[in-house]
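Okay, so chain A shows up in both of these, paired with chain B first and chain C after.
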Partner chain A sequence: MSELPADIVLRVDRLRTHFELGSRVAKSVDDVSFDVRRGETVAVVGESGSGKSVTSLSIMRLLAPPGRIVEGEILYRTSDGRILDIATLSQKDMRRIRGREIAMIFQEPMTSLNPLYTVGDQIIEMIRLHEPLSKLEARKRARQMLELVEIPAAERRLDEYPHQMSGGMRQRAMIALALSCNPKLLIADEPTTALDVTIQAQILDLLRRLQAEIGMSILFITHNLGVVADIAHDVVVMYAGRVVEQTSSERLFEHQKHPYSRGLLACIPDASRDRGPSGERLRLNPIPGNVPSVMALPKGCSFAPRCPLRIARCEEDPPLLVAEPHHLSRCWRHDDL
Partner chain B sequence: MAAVASNPEQVRFLTLLIRRRTVLVGLMVLLTIACVAILAPVIAPYAPNKLSVVNRLKPPSATFWFGTDEFGRDVLSRTIYAGQLSLLVGVCVVCFASVFGIALGLVAGFFRRLDTPVARFIDAMMAFPDILLAIALVAALGPSLATVIVALGIVYTPRLARIVRASTLVIRELPYVEAARALGVSTWRIMTRHVLRNLVSPILVQATFIFAYAMLAEAGLSFLGLGVSPEVPTWGTMIAAGRQYVGRADWMTLFPGIAIILSVLSLQMVGDGLRDLLDPRFRKDL
Partner chain C sequence: MTASDILLRVENLSKHFPTKTGSVKAVDGVTFDIKRGTIVGLVGESGSGKTTAGRCTLRLIEPSGGRLIFDGKDLLSLSEREMRSYRRRMQIVFQDPYSSLNPRMRVEDIIGEAIDTHNLARGAAKRERIAELLTRVGLDPEHGRRYPHEFSGGQRQRIGIARALAVEPEFIVADEPVSALDVSVQAQVLNLIQDLQQSYGLTMLFIAHDLSVVEYLCDEVVVMYLGRVMERGPSRSVYAMPRHPYTQALLSAAPVPNPKAHRQRVILQGDIPSPMNPPSGCVFRTRCPYAIDACAEVVPPLDPIAPDHHVACIRRDDPVVLSQGKRL
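On to the complex of A and B.
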């Protein structure tokens, strides 16, 4: 089994996840590698169809057939110091990882909780599933968890059903549920997308605070670069199943080395600069076109058809190039950016 | 009540049950019918098979409240006695079909690989006309009360299985099932706690239908001589026998018919109310 530097909790190494539909193959995740260090947050950014969610589902081994990890390693360091390759683990062993070692929260706080059980019931179920606690002890822990995620009147909220809570409250409850067994890694798949901006900021604050308190690592899946600046240490930008740019969050915001990341940043509307020099309203700057289907990728660089910097060489597929130390870019023209 | 309901959840459930009037009425009617059937030997004014040639096809009167049939037997007494077997058949068939239907449906809906064979098997069974399949099964197993129950149970299993499968397919894909899986909940637990629990309402509704169908189908089988022996009255056989006399002696079909309607209706009222009670989103409005 491969070695893993001590500060790394999760290493995704040349991961390929394919969906085989008859004779056609969708390369949803194609040669993706990144590390998640202890106590840090890695953001995986991309549009719909870029493969970011499939990456997280691969790590959880929750892929539904025909989805399959075809190649690569997902090395994970357990709490007791063992290093496991999640990509080849049996479902039985995987179940021990889920929840206790790696937990996950999802995009829809409205439907991620079972409507038929109280929030308390669900957290207690979770705790007792992984730890030999009595109902009363588990309930006490559940209350502490709700307090931890700053839900007021935690004792009363334990006996409430999800429909009695607001979206933000439910996402908090979901976070409490996910964290109730002290996972070392939290995978958050667009946890704030369905929430309005103020609640989004609160949830991000909460995640940051929890990270500082508990010391867990977070793998944050999002399409919103604004959120990334708020929470992530490292950023992996994905496009059509591949990593196109990979660096620290600071560096990315300072200097993008891939036209796609630059386009993504330009998409974020800026309220302070919504008028041009003559006072006319500025339009939003979308990236023209759509993410190509992973079933039918263009030849060469997959971003080329939408790229303003396209040159003849883009017919040729660029590898992940080292643009600067600790800054990778899959673009022939990264030096021109 | 404190002895029965020790925890607060149960107390709340019982108070809601009492507040919900349709459930209460349904429950009372159902219990009355069941009690009357069980206590038939005490309550019935005559023996169910006591013949009286002079009193053939008499309309309802002070002596014979529900009238008499073509052999002069008291329709009231027969209706009371018939409840025993009819309810027994209904309950047993529902239980049989529920156990197998839920198991098959869950398996088909939950495990993609088993879906096609199980679903096709269910479809194949449903392709047979109900009564024909029951006749074939009874013919193969030999007529008796137990075979009638088993045969009808087999006949109605696919109905439940189909509904359970369809709903399972939907629920399986819901985010909270995926969330549960992502937090390490086992497949068995997801099936019972998260999926099955959500299927209670469609199952309850379907079960009440099957209860009614089973009582009528039993009549059909008995009418064809494949059910229980003819001297034992059931509501179904009484209606079947009374059919020839509709217009001349309506009471022969009317009263067992009312008995069937009442039991099915009350069962549905209870089922409906239970469904609402079990769904926390409705509880607030109760």
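On to the complex of A and C.
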């Protein structure tokens, strides 16, 4: 059995998830590795087609065919201290992991809430599936869960259907459902993207507080660097299926060692930088071109066609290089950044 | 400032939708001006009425009340027929570049349709005009033969912009034009929007929920909540020192890409109330950290506090509210 340092809950090691479509292969996740430590939050950040969601679905083993894990390990430390490789687990064993050990929340709460059952029934079902509690005991626990996620009038809300709740309230109900079996790891796939900023702030605040109270780890999938700065300890930046930069959140925002991460931060409008002394608008610095399709990746570095630092060597695929201690960059020119 | 500096004056605009159980006041007494050649940002959360207000300014949704003075003329007094010549002067760019382009039409026909509707050019002149527009928005004129699905999201948004420009409008309502795009592509489209705004001297109403985009792009900003204007003023003053508790909460909630920016965050309780049954007095009071009994009694007027800067809050001069604005 594989080894895992004591403070690590999840280790994704050289994961490759491919979608085979006839003779063509989409390498949606291509050699991705990262660790999630106990009680910490790792953000996987990327744009459309970066592979961030496929990474999270691989960990939950929720890939729909033709998606398939073709290589790599997903090592997970269970509550009773065993280390499992999720990548090779049977679906039967996986069912014992999902919900109880690892829970997931989505952008759209209606993907995990059933519109035909009350919120209470769904949480009660989840609790009783994993724990031998009576209906009454489970209902009490469900009410406590709604209180934990700060849903007012929890007792009454238990008997409501999802459609009777607002978007922010549904998101809370989904979090309550996900946390009802005390998972050690929460995978949150763009959980605040569809929400208004004031509600987003509430949910991020809630996740931070729950993490401090329960000590769970969070894998947070997002495209929003502002949210990353707000919640993450470590960051994995993905582009076209690969990790291009990986370090602590603090270090990433201080000093980007990959031209893509640098470009992403430079193109978010910031009036303090992008307006001149008399308030006139300066031009923004966009990344030229478009995000490539994983079905048609350029040769060598996938970012090279859009990169201002491109040199001849970029036709050769760069490995993930150590730019400085605890800071990886998939760029030949990381020293020039 | 003379009246002719103002291209569009929105005065006490309202839109009430009747329902079985009462009327929804989606827009309720909204007033603001848009000066010629400027960009005004209209911000607010879902349910604030910003999209309805934007569409009302073009009479794409018929307002229930108020006045829309466009270039000195009240648009609401015009018949549908008289309105046609004004329609050419005002255009809209939609949020979703996927659903706002007819998938069965070639790009040249999508743009050409607007030219035909207003009889602006025919034959070779029309083809030339389409090619010129495509070039102007950064697309290859050869691509006019293609269909929308052959383009990326950013390119489709460029097509939507070319369509709006085809009739040489003076005023454009842009309804969340970059929110559906990838971050790396948003900046390209924002640069294009301001290039075009400058070279054609366009006046714009830019509807958005992304506060950093509005701060960067807009000369003035109007903050809406539950159908009403909470605060409006020059972007610089509003962002430097927001005076309404809602504006303060909104600005403090927006995440910024800097983990060291430890701001004094105001976390609002609860959700936006239903517009079917808005709170009495100030509509924001149920979520406002500074609400007092008096807030339930009167609708706070949108009072001027500085040239062009207006705030609808009875406690706007209270030290506790003022100091929160300074901390942001």
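Just so we're on the same page, the second predicted complex is superposed on the first by the 324 of 337 C-alpha atoms of A that agree within 3 Å, B and C clash if a C-alpha of one lies under 4 Å from a C-alpha of the other, contacts with A are read in each partner's own complex, and residues count from 1 in each chain.
Methods note: a contact is a pair of C-beta atoms (placed from the backbone, for glycine too) under 8 Å apart; a residue touches a chain by one contact, two chains touch by 3 or more.
As the structure is a computational prediction, the values presented were derived from the model and not from experiment.
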item	value
Touching partner for A:163 - first (chain B), second (chain C), both, neither	first
Touching partner for A:279 - first (chain B), second (chain C), both, neither	second
Touch count on chain A, higher of chain B and chain C	C
Which of chain B and chain C A:250 touches, first, second, both or neither	second
First (chain B), second (chain C), both or neither touched by A:129	first
Touched partner set for A:47, first chain B, second chain C, both or neither	second
Partner chain in contact with A:62 - chain B first, chain C second, else both or neither	first
Contacts of A:111 with chain B and chain C, given as first, second, both or neither	first
Contacting residues of chain C [partner chain A, same complex]	45-46, 152, 154-155, 182-188, 190-191, 194, 209, 211-213, 215-217, 235-236, 239, 249-250, 252-261, 265, 267-268, 270-272
Residues of chain A defined as touching chain B within the complex	60, 62, 65, 95-100, 103-108, 111-116, 118, 125-126, 129-130, 161, 163, 174, 177-178, 187
Complex contacts: residues of chain B adjacent to chain A	112, 174-176, 178-186, 189, 193-194, 197-198, 278-281
Touching residues on chain A, where the partner in the complex is chain C	47-48, 152, 166-169, 196-202, 204-205, 223-230, 249-250, 253, 263-265, 267-271, 274-275, 279, 281, 283-288, 290-291, 306
